[in-house]
Amino acid sequence: MNSIKSRALELLSDGTVKRVIGWEKGEGEADWSPALFETAEEMNSFVYGDYAGSNLSKYCLKFNLAEGKTLVVLKPCDTLSFNQLLHEHRLNREKFYIIGAGCKGMKDENGRLLKCNACKGKDFEVYDEIIDDEESRKPLNVFDRMIGVAELEKMTAEERYEFWRGELSRCIRCNACRNVCPACTCVKCVFDNPASGVQSKAPVTDFEENMFHIIRAFHVAGRCTDCGECSRVCPQNIPLHLLNRKFIKDMNELYGDHQAGVGTEERTPLTSYTKEDAEPSVVHERGNA
Amino acid sequence: MTKETLVPVLGIVTDVRVDTPDVKTFRVNALGGGKCFEHMPGQCAMLSIPGVGEAMFSITSSPTNTEFMEFSIKKCGCLTEWLHQMDVGQMITIRGPYGNAFPVEGDLKGQDLLFIAGGIGLAPLRSVINYVRAKRENYGKVRIVYGSRSKDDLVDYPEIVNEWCREAGIEVFLTIDREQEGWDGHVGFVPNYVTELGFNPDGRVLVCGPPIMIKFTTQALMNLGFDKTQIYTTMELRMKCGVGKCGRCNIGDKYVCKDGPVFRYDELGELPAEY
Amino acid sequence: MSVTNPNWKPKIVAFCCNWCSYAGADLAGSGRMSYPADVKIIRVPCSCRVNPMFILRAFERGADGVIICGCHPGDCHYTSGNYYARRRLTMLFSMLDYLGIERGRTRVEWVSAAEGAKFSKTMNEFVETITNLGENRKLGDIRCKKS
Amino acid sequence: MRQFPESKVLDIIQSIPCPVYAPVEDGSMVVYGRYEDGMTLRLDKIATDKTPKDILFPQWENLMHFRMEGKTIELTEEKRMEEDYVIFGVRGCDIQAFKVLDKVFLSDPIDTYYAARREHGTIVALACTSMKDTCFCKNFSVDPSQPDADVVLWLIGDDYYCEAYTDKGRALMEKWDTREAEDGPVEWIKGEIDKKYESLPFAHLNLTGFDGEHLMEKFNSPKWKKLSMACLGCGSCTFACPTCQCYDIRDYDSGNGIQRYRCWDSCMYSDFTLMAHGTNRPTQLERYRQRFMHKLVYFPSNNDGMYSCVGCGRCIEKCPMNLNIVKVIKALGEDAK
Amino acid sequence: MQKIGVFVCWCGSNIAGTVDVEAVAEALKSVPGVVYSVSYQYMCSAAGQKLITDAINEYKLDGIVVASCSPRMHENTFRKTAEAAGLNPYMVEIANIREQCSWIHKDKEEGTKKAIVLAKAAVAKLKNDKPLKAGTSQVTKRALVIGGGIAGIQTALDVADAGYEVDIVEQRPTIGGRMAQLDKTFPTLDCSACILTPKMVEASQNEKINIISYAKVEKVSGFVGSFKATIRKKARFVDETKCTGCSLCMQKCPSKKGKDEFNMNMNNRPAIYIPFAQAIPNVAVIDPEQCIKLKTGKCGLCEKVCAAGAINYKMEDELIEREYGAIVVATGFKPIDPSPLNEYGYAENADVVTSLELERLMNAAGPTKGTLLRPSDGKHPHEIVFIQCVGSRCDENTERGKPYCSKICCMYTAKHAMLIRDKYPDTNVHVFYIDVRTPGKNFDEFYRRAVEQYGVDYIKGMVGKVAKEGDKLMVRGSDLINNQQVEIAADLVVLATAIEPDPSARSIGTMLTASMDTNDFFTEAHAKLRPVESPTAGIFLSGVAQGPKDVPETVAQASAAASKVIGLLAKDHLVTNPCVAESNELMCNGCSQCEKVCPYGAITYIEKEVRGPGVREVRRIAQVNPAVCQGCGACTVACPSGAMDLKGFSNKQIMAEVDQICL
């Protein structure tokens, strides 16, 4: 979409924004990287298109305190993350110029991204202007995103245990999932903090793998927009989104539908309650033991 | 070639001296008595309490002390807090010595020496000063400029006053940052005091203290006509594993653990300003 | 359920809120309503103080079961603490279940200061459940196992 | 030169009387694992998802054990490796990586934990008769056709040709069921490998100026800012890299005593150089620069020009944001023109 | 390494009987950090405390662990001991080896082992303790009494007598409460109004007492010593300051269909009314549901007849915000509605009445002007059946009623029976009872008089059915003593209905964070030793709100509560709980998760430059107001970065305990 590029260039040139966060091409056809553009000349390499899969919301944190406005290109699902960060007072809306970019579903070298198969729609939650076209407004064919979770729920406990041991045992604690996650924005992660008492750096035992992933999922529960970046970036191909989606599924079922990053309500299911909430034993009474 | 196992030896704390409100000096002996190992002035050792942590400290006692090693430790984190709670008889683990030393038997030999220290920065220099005192004949004039926030923050004050100040051939200049009751000495920051004292730019200078103090002191020294090659400082703050392998102490193509922590000021100038 | 180690005794951590359940446990004590010594109580101000990390920590260190007791919903000394705890613990238990951890190892029970008998009964039941489940091998840290 | 049919390779591995580490499948990944019956061997895999570095320098290892009672401490050292083992099917790049690790761990003072593992291992290399577009090993003096190992294998047609180059290698190969072979096919395949390499996109990168002499120039390049922007500061590149060896030493108090262990660390992590008084690499720019400067400038400057990149291409595959060393070389290489 | 002392209490044989206390003390000696460990018979005794004091001084201890009874018993004792010895009182941890160990385990070996673990866990926690300093907070020298019945009035009078201001908030238009509805009181049979109304007048005339009637407490924030309450004073439509209580408006009011709540809805009252003659304040109130003017805009008669010009149809609810140092809950009770108990036919038969309705039927100011007439046809009843324990003492598993004994029914029924037999000797009175409970001064004598002197027919047994037959009510029941079924054709049936807390209690309890039992009675801080205090500091309990009781008991408790209030208000400052949340600004994300779960609004955010190792930037960070925080810890779990921690129950402390316990 050339219009995004020219519009961004225009805003950069007229001084509305000081910098642009977008994408540029790498060595291979599908190897696009998020990139920073500060001059009109640099903007030559700006691209937007099929391989702009990464969620740029998290990069905004780097520029929240920077001088002047930052232009950021966000796809519909990325705006959920951005909005969630606004809910959490992590971003200053004034500091960003958001171009909502139409999206036809993103790809990598292996085809359409997993997260696009669970596309959450084409609405922009927050933007300054939208640049899209007819085709990008068409809804994508998607699968029920909870299928994976439901399949696991159908297994016996022993099967689930074996499944997750198999997956999580590959974890190398590279922290890519955490560092890419737009909900994992702690200035100091508990797992990095010697004072927390739970600092851990390597998946020394099964337990540490479990602990890290359970707590990470728990900390983002209710705040996770299901952007799918964690699974996309995992160098060990661990389906981490299945952990987050489990929480989303449970919360939707028990506490009513909630999509993080939508609207202006800042409370999440875990920072609210009703007197009639289910008892914790409910999770022990359903599905397979 | 030495073999490094990262395995420490055990030491025992045989004396604890309270120097300042946040600095204590610990005397450490090997379990069977004597020193855990030999070292040269400026070298460091890794002290640890299992379960609490490991950290690098400069050895403040002189190698000429044949009975024990001493460490002056400022309370500034988890491990040091723990160390400060230690009593005599507590075992600790110790490994080293690590890093290079001040060239007491090389470049410094035969020279007039000017020691400039700020706060806990006296710790590594004390080792050199006492080494020089023990081998007095090998060195020229010794002058010591030492400053601290207040009188109470001067480390090793009794030793300075009772021993160094009384020794022939040693001049001691003390200063504190702000006026204080009961203090009739100099008041002011170390770099300014160095300028005021106006030393002749000869001999060698050993500077140690907070980074900002080192920066302004070297500037003051250069204004007095000193050359970068005359000035030495130590950077043990950047040491982590002690053996130059863990990757942290890498500054440019130097490893503080192996190539340092003692650097001549001109060597530092050739490195990226990442220290 | 296989109990491999014949000397194995369950280790059970009970987090009790100061106002209701801890007092309930005290009442069980003064009423001499016994329950196995395998249960050891940690006093917390409120069930909402129980961080999921504490529960995982207990399992890491070799606990075989963790039970959290708080005031009955609506009776929280701090008004709403146990409501938050209820959601948080529901989510944590669900995740543990999802990861294939045995269901009986975690439990929440609301015990008031007046319910000494309930406290004792609950603990007896819980110990029995854990004894039947056997040693926690799925969620422990092998480094913490006594050789 | 000896040879054996490709179909016999499992028999050969199974006949080795000590543990054998080889590329095996683990879910959708191929890693170096201890070969056991039933595993799927994947000798064909170029740039395994995890490197054989794990065997010499595991992600974590116990160093020692403490017990504390009252004021006393009791120390027990962890045993060093005492058992022989074989790493099977290692490619040239990964073997070069071992040499890089040797420079670090076997230089004064020697790391005895690493040294023991190195000593007990016999390395069976496999020449790269096929390659990936992400391979660029020859830029770093790696010969994919003739890896430097105890035993080297070449797969030619349906046969493995093999040759032992050291006593260890000869002792190992002695027990293999092989037959005498001509040198010719191997010489031929080496030529083929060279030709194949020439067709790769990154076959020849411009490494001019990546040396100690241009250290400050590279260090001060304004390009680092843009290069590092997208970096998440995760450790996937460092953990996938066969030469990255930054580590941390930590204590774990299990209640039954304290284990001091060493684990991988990453210079990309924000707290890597963070100590009580602060950090000297405060932003991702400094951390990103450190990693590449170390590989391409600092390391060669200290090791007679030996780079600590071996051109395996794993970072190209693994970086979630598609950053990699090739981009850096290209960007900074231009400065040298 | 800290220097820790461990003190193991025998508690006579309470602990020493099942725990080898000396073995515990011995085992703790080898724990790193423990420099002194000893056991003693009674640690809480003067000698025991001296042992602790001496050890603190001799060994220069940094902290102590006392392995003894529950911290709920003696934590404060030992904190004071430590403080007296110069140790920070929060460097004290209690290992509960009595209630949670020796008393529940019989096997000595097992008990000893557990006691050692518990003591070690306390040491582990103590190692992570930090000296805490309690802050102080101001005490507002004013009390709020919720409820203006006899309990509230008595408490208010006593507090006011001590010289402190008191506000009484009463939901009805007048104070007086249930007691005002009673005719006579047992066992003296003096007239209820005669003894209550002087107190009401006294309260209204006391300068220190401010009666806010027809109002309810809407919101309470703050904490002991400085609560802030928002009180909604409902619109009366009559200016309290002008109305003289002449009641002319009542006579002229054309709308007379309002139910007279004071008379248990047994007669009608005008839309503008004064609940009863001695009401305080003696001021009319307009029922907006009934007032024609307010509903249609027409009428306005009362305004016309009011010479004082007190009528104001435009009046609106008024919100009053005031600060208080203490709050007394005196919300009282109501009889349960017996309609769901079908067998008594209360809903269907006008002549089945509750005891409180009977009170009104016998009262001179009641619907029948004091002549006992049955509601259905206004005839004199000649056969009256009383049924006891209606909705009281029910099986806990049924929905039929309350599990508790309502305590007052036996006595008031005796009173009713006696009064009826006295006034109408031709009327037969039968009482069906399960037990007759008369444990009070002169109670049993009173009951015996009813039986022996007045010939009241007490039948031990239950009633199975009350059914209307003609103009009679057939009461079928069992006589357990004679082991036979009985059937009585009654003219009037009186149900001694259970009493339950006033419906407003639950919401007030929630508002005050004062705990309640399953029956909605307020829980006392200690059943025996602190019976008039709620576990929530600064909240006191007066009257039936805490549990069923009769008038003298209520008054006694009201005065007791008052003395506690006075004790509190007499202080200028209070020591605040230092175990509050604290945010580490270096780790705080400013994400507001904690703020959302804080029940006290104790967390606010500021923009601040934070400085630390490698950090120097302006960030939005959370700040906890330590005077407002109550230390529940909800925020600590909501905080993903662990920046929020709770002093005294920190993450590290709790994890240290977990580690020890799981060892």
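Read from first to last, the chains carry the letters A, B, C, D and E; within each, the first residue is number 1.
One rule holds for everything that comes next: a residue touches a chain if its C-beta (ideal position, glycine included) is under 8 Å from a C-beta of that chain, and two chains touch if they have at least 3 such contacts.
Every value quoted in this text rests on a predicted model; they were computed, and no experiment measured them.
Peer 1: Set chain A aside and report the joined-up groups of chains, separated by bars, or one piece if nothing splits.
Peer 2: one piece
Peer 1: Hey, how far apart are chain D and chain E in touch steps, shortest way?
Peer 2: The fewest steps needed to get from chain D to chain E is 1.
Peer 1: What chains touch chain A and also chain C?
Peer 2: Expected: D, E.
Peer 1: If you average the Cα atoms of each chain, whose average lands nearest the overall Cα average?
Peer 2: Located nearest the centre of all protein C-alpha atoms is chain C.
Peer 1: Have a look and report which chain pair racks up the highest count of C-beta pairs in contact.
Peer 2: That would be the chain pair C-E.
Peer 1: Please compute the C-alpha centroid of chain B, do the same for chain C, then give the distance between them in whole Å.
Peer 2: Between these chains, centre-to-centre, one finds 53 Å.
Peer 1: List the centre-to-centre spacing of chain C and chain E in whole Å, with centres computed as mean CA coordinates.
Peer 2: Inter-chain centre distance comes to 30 Å.
Peer 1: Distance from the CA centroid of chain A to that of chain E, rounded to the nearest Å?
Peer 2: Chain centroid spacing, chain A to chain E, equals 50 Å.
Peer 1: Which chain C residues touch at least two other chains?
Peer 2: 52-53, 57, 61, 74, 80, 84, 88, 141, 143-144
Peer 1: Pull out every residue in chain D that's touching 2 or more other chains.
Peer 2: In chain D, the residues touching two or more other chains are 68, 71, 248, 252-253, 255-256, 265, 275-277.
Peer 1: Can you list the residues of chain E that touch 2 or more other chains?
Peer 2: 1, 597, 638, 651, 655, 659, 662-663
Peer 1: Spell out the part of chain B that touches chain D in their complex, as residue ranges.
Peer 2: Chain B residues touching chain D: 1-8, 10, 50-54, 76-77, 80, 87, 89-93, 237-238, 240-241, 243, 245-248, 250-253, 272, 274-275.
Peer 1: Can you list the chain A residues touching chain C in their complex?
Peer 2: Touch residues, chain A against chain C: 149, 152-153, 157-164, 190, 198, 204-208, 210-211, 214-215, 217-218, 221, 243, 246-247, 250-251, 254-255, 269-271, 273-275, 277-284, 287, 289.
Peer 1: Touching chain C in the complex: which residues of chain E?
Peer 2: Listed in rising order, the residues are 70-72, 96, 98-101, 103-107, 110-111, 113-114, 117-118, 121, 510, 513, 515-518, 523, 535-536, 579, 597, 599, 630-634, 636-638, 646, 649, 651, 654-655, 657-659, 661-663.
Peer 1: Which of the residues in chain C end up touching chain A in this complex?
Peer 2: Answer in residue numbers: 52-53, 56-57, 59-60, 73-74, 80, 83-84, 86-104, 106-108, 138-143.
Peer 1: Under the definition above, what is the set of chain D residues touching chain C in their complex?
Peer 2: 252, 254-256, 259
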